[in-house]
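In the two complexes that follow, subunit A is the common piece, with subunit B as its partner first and subunit C second.
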Partner chain A sequence: MRTREVVIAVSVAAMVVLLAYAIEVGGLGPIAPQRIRDLAATYLINTYNPWNITLSSLSLEAVTAIVWDYRGIDTFFETSVLFVAIVGVTSLLRGFREKTGLSSAGLSEIVKTSTKVLAPLILVAGVAIALHGHLTPGGGFQGGSFIAVLFILLSVTFSLDYAISYGISSRKLLALRSGGLIGILVTSLALLIASLILGVNSYIFQNMAREGAPLSMPSWFLDRPTGGTLIWFNTFEALAVAAGISLAFLVLSLREEEVEEALGQVEWYE
Partner chain B sequence: MSDPTSLMFTTIFICLTVNIGMSLYGIFVRPSLVKKFIALTIFSDTLNCFAIALGFRRVVGSYPSIAVLAALPESPEQLSQLASTAVDPLPQALVLTAVVIGLAVYMFLAGLILMYYRYYKTTHVEVARGGRVG
Partner chain C sequence: MIDLILVAIGLTLIAVGVFYDFIGAIGLLRLPNFFTRLHAATAGAIGGAVVPMIGAALVALGADYLGPPRFFLAGAAFASSILLMILSQAGSHAIARAAYLSGEARVEPALHDALKEREGGG
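Let's look at the complex of A and B:
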């Protein structure tokens, strides 16, 4: 056992030295080049380009434009992977039932009061990050994770019983999660449905007008740019991610008593 | 190696490779599944940092003001100026996707480790094979 660990340690150290040497001599290409690739320059120029709307997504933030417009189908399947993982967790831990009166009554009064002060700030910050995804760094996933932190904080400081007594259940969270995914699907098909009614061509995940597909999503709300589909994608993604991570936390934090009751007599190892 | 920017980037990249080595050692050698899980998250975060650092761009001379579109651009020249100073956005978008998928995988793994602990009353990997702890 001892020699095995030493061999692993030495080979990992050798790998680190070789990798560091390869980077040092430029094996991965120049470190921090002065010019970026043409593809990156294309994205930067076309992300918000009202003078060439057939290539643009009218979003001031290039990363959100790439994630939800230029590579939208990628991101749709990525969200589906998150959904499937949550379904996997809930079916893996299917002994879960919402029961009250099992766990403690949460943390001390000081922690509860400071959480009450923090909770609305966290919610507002999360929603702002999600809805400004096309203007500033951030987006649906980041905002949704932010809001999920609120749920985790509340269920730790006020105890899980408190959250459950307020009517939060895994069934409702799963419904909210699916609702977010359906919203993303509807947004991606919105222009396609509109074009079928109007009798023109259109693409799936279309945001702004493209060559041969003249329809565009509304990209202005009063005097604010909305990035067309991007604000809808970010909203639904934030909803889906917040509900999904909260659900995973709810299921993963189930109480030992419930598991033993659900599994019945478990054959323990020795 | 003479200018400070090169030195800084070389240091960052070597630190990242050291991080990779340490996290791989943790995955291979630590017997506890929770420790393996933590090492795996460190490994994936290091690779994400690598990808972001590869998209970075060096500016010769003094750095310009922050290269983002802080207001709506008024002319196409402003856009080409942005493209001449901003960093590559593509690695950041790909890392965002990787982070989301990583989160999904880790949630599933955490559930598996929890079930393992409840069944065997330990997170030691050898126990499932019928081995002895310690």
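Let's look at the complex of A and C:
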């Protein structure tokens, strides 16, 4: 037993030293590579290129520009995977209705006070990540996940009853999520509808003017760049993700009494 | 001169943090029951993370060659150290309370269990 512990300790220490040595020797190249591929260079040059708007998306953040502008349809279907999963969760537990007045009163006073300090910070960070998605790393999905974490944290520390007594219900969250998705749809079709009215050519998911499609989304708010469609996509995506993940948590954390009621209602449906 | 003093104080705080981490690791292995081991982990969180983070903020303030970005580094380190100081104790408290109330962790060896007396038999 004694020798076995010594062998384990020595081998773990040796692994740590060897890993550190390997990283020291081969892992730390220059952080920004000296040569970049032509494709990457094209995107880096054209992401914010006010001199040639037909190639640009007027966003300062290349990742968001690629995700929501250059390959917008791809991202649309990628994001709908999450929402289809949430639809699956809610339809599995259909007939589910939140009840108040069940046992739990949340965690102790110390944890509640700390959470009160933390909650506004999480909210501000999530909103900032979502709304600055076209300026700094981040975006709608990340910001929305932050806000969903806030909901989960509050409903664990203050108990689900507390959240429900503030008027949060699975139906309202579902409506918010659907509102976000409709917002994404409207944003992606906005220029197409405008072009049908004005009688010019346009594409779905169009952001800036392209060759033969002269309409652009407004890309400045006062003196701030908004990246055209990108700020709308990020806002609605944050709304949809925050409401969707909160909804999944609310539905999956259902209590015993609620399960019984939901099961009772399923028999009515059939 | 003031830069040198800041860096010296910061490095001292980081060294103190290493000491606390070491103590915390030993305590986690050697202390007898769940609650005392949680105490060792908390020593690692406050002494081994909050204190060296304040030290890192001071080092960043004193490191003149980093230019203006050093103020961002210092501010972020200082703010996260304050937040960690508020939050790590709340987390440990929640873990300890849950372990005590569910009865998963036995309170032995214990000289005196005041909570049990107050709640009338836990």
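The working rule: the second predicted complex is superposed on the first by the 222 of 270 C-alpha atoms of A that agree within 3 Å, B and C clash if a C-alpha of one lies under 4 Å from a C-alpha of the other, contacts with A are read in each partner's own complex, and residues count from 1 in each chain.
Simple rule for what comes next: a residue touches a chain if its C-beta (ideal position, glycine included) is under 8 Å from a C-beta of that chain, and two chains touch if they have at least 3 such contacts.
Bear in mind the structure is a predicted one, so any value in this text is a computation, not a measurement.
Undergrad: Check the contacts made with subunit A and report whether subunit B or subunit C touches more of its residues.
TA: Result: the larger residue contact count on subunit A belongs to B.
Undergrad: Examine A:Ser169 and indicate which partner it touches, taking first as subunit B and second as subunit C; both and neither are also allowed.
TA: neither
Undergrad: After lining up the shared chain so the two structures overlap, which partner does A:Ser178 touch, if you call subunit B first and subunit C second: first, second, both or neither?
TA: Once the two structures are laid over each other on A, A:Ser178 reaches no partner at all.
Undergrad: Of the two partner chains, subunit B (first) and subunit C (second), which one does A:Leu107 touch, if any: first, second, both, or neither?
TA: After superposition on chain A, A:Leu107 lies in contact with subunit C alone.
Undergrad: Of the partners subunit B and subunit C, which touch A:Leu118 in the superposed model: first, second, both, neither?
TA: second
Undergrad: Which of the two partners, first being subunit B and second being subunit C, lies in contact with A:Ser195: first, second, both, or neither?
TA: neither
Undergrad: After the superposition on A, what does A:Ser216 contact: first (subunit B), second (subunit C), both or neither?
TA: A:Ser216: touches no partner chain.
Undergrad: Identify the residues of subunit A that lie in both the subunit B contact region and the subunit C contact region.
TA: none
Undergrad: Touching subunit C in the complex: which residues of subunit A?
TA: Interface residues on subunit A, with respect to subunit C: 107-108, 110-111, 113-115, 117-118, 121.
Undergrad: Going by the contact rule set out above, which residues of subunit A touch subunit B in the complex?
TA: Result: residues 5, 8-9, 12-13, 15-16, 19-20, 23-24, 28-29, 31-37, 39-41, 43-45, 47-49, 51, 60, 62-63, 66-67, 71, 74-75, 78-79, 81-82, 84-86, 88-89, 92-93, 139, 141, 225, 245, 248, 251-252, 256, 259, 263, 266, 268-269 of subunit A touch subunit B.
Undergrad: With touch defined as at the start, can you tell me which subunit B residues reach subunit A in the complex?
TA: Touching subunit A: residues 5-6, 9-10, 13-14, 17-18, 20-22, 24-25, 28-29, 53-60, 69, 72-73, 76, 79-80, 82-83, 86-90, 92-93, 96-97, 99-101, 103-105, 107-108, 110-112, 114-115, 118-121, 127 of subunit B.
Undergrad: Which residues of subunit C touch subunit A in their complex?
TA: 83, 86-87, 89-90, 93-94, 97
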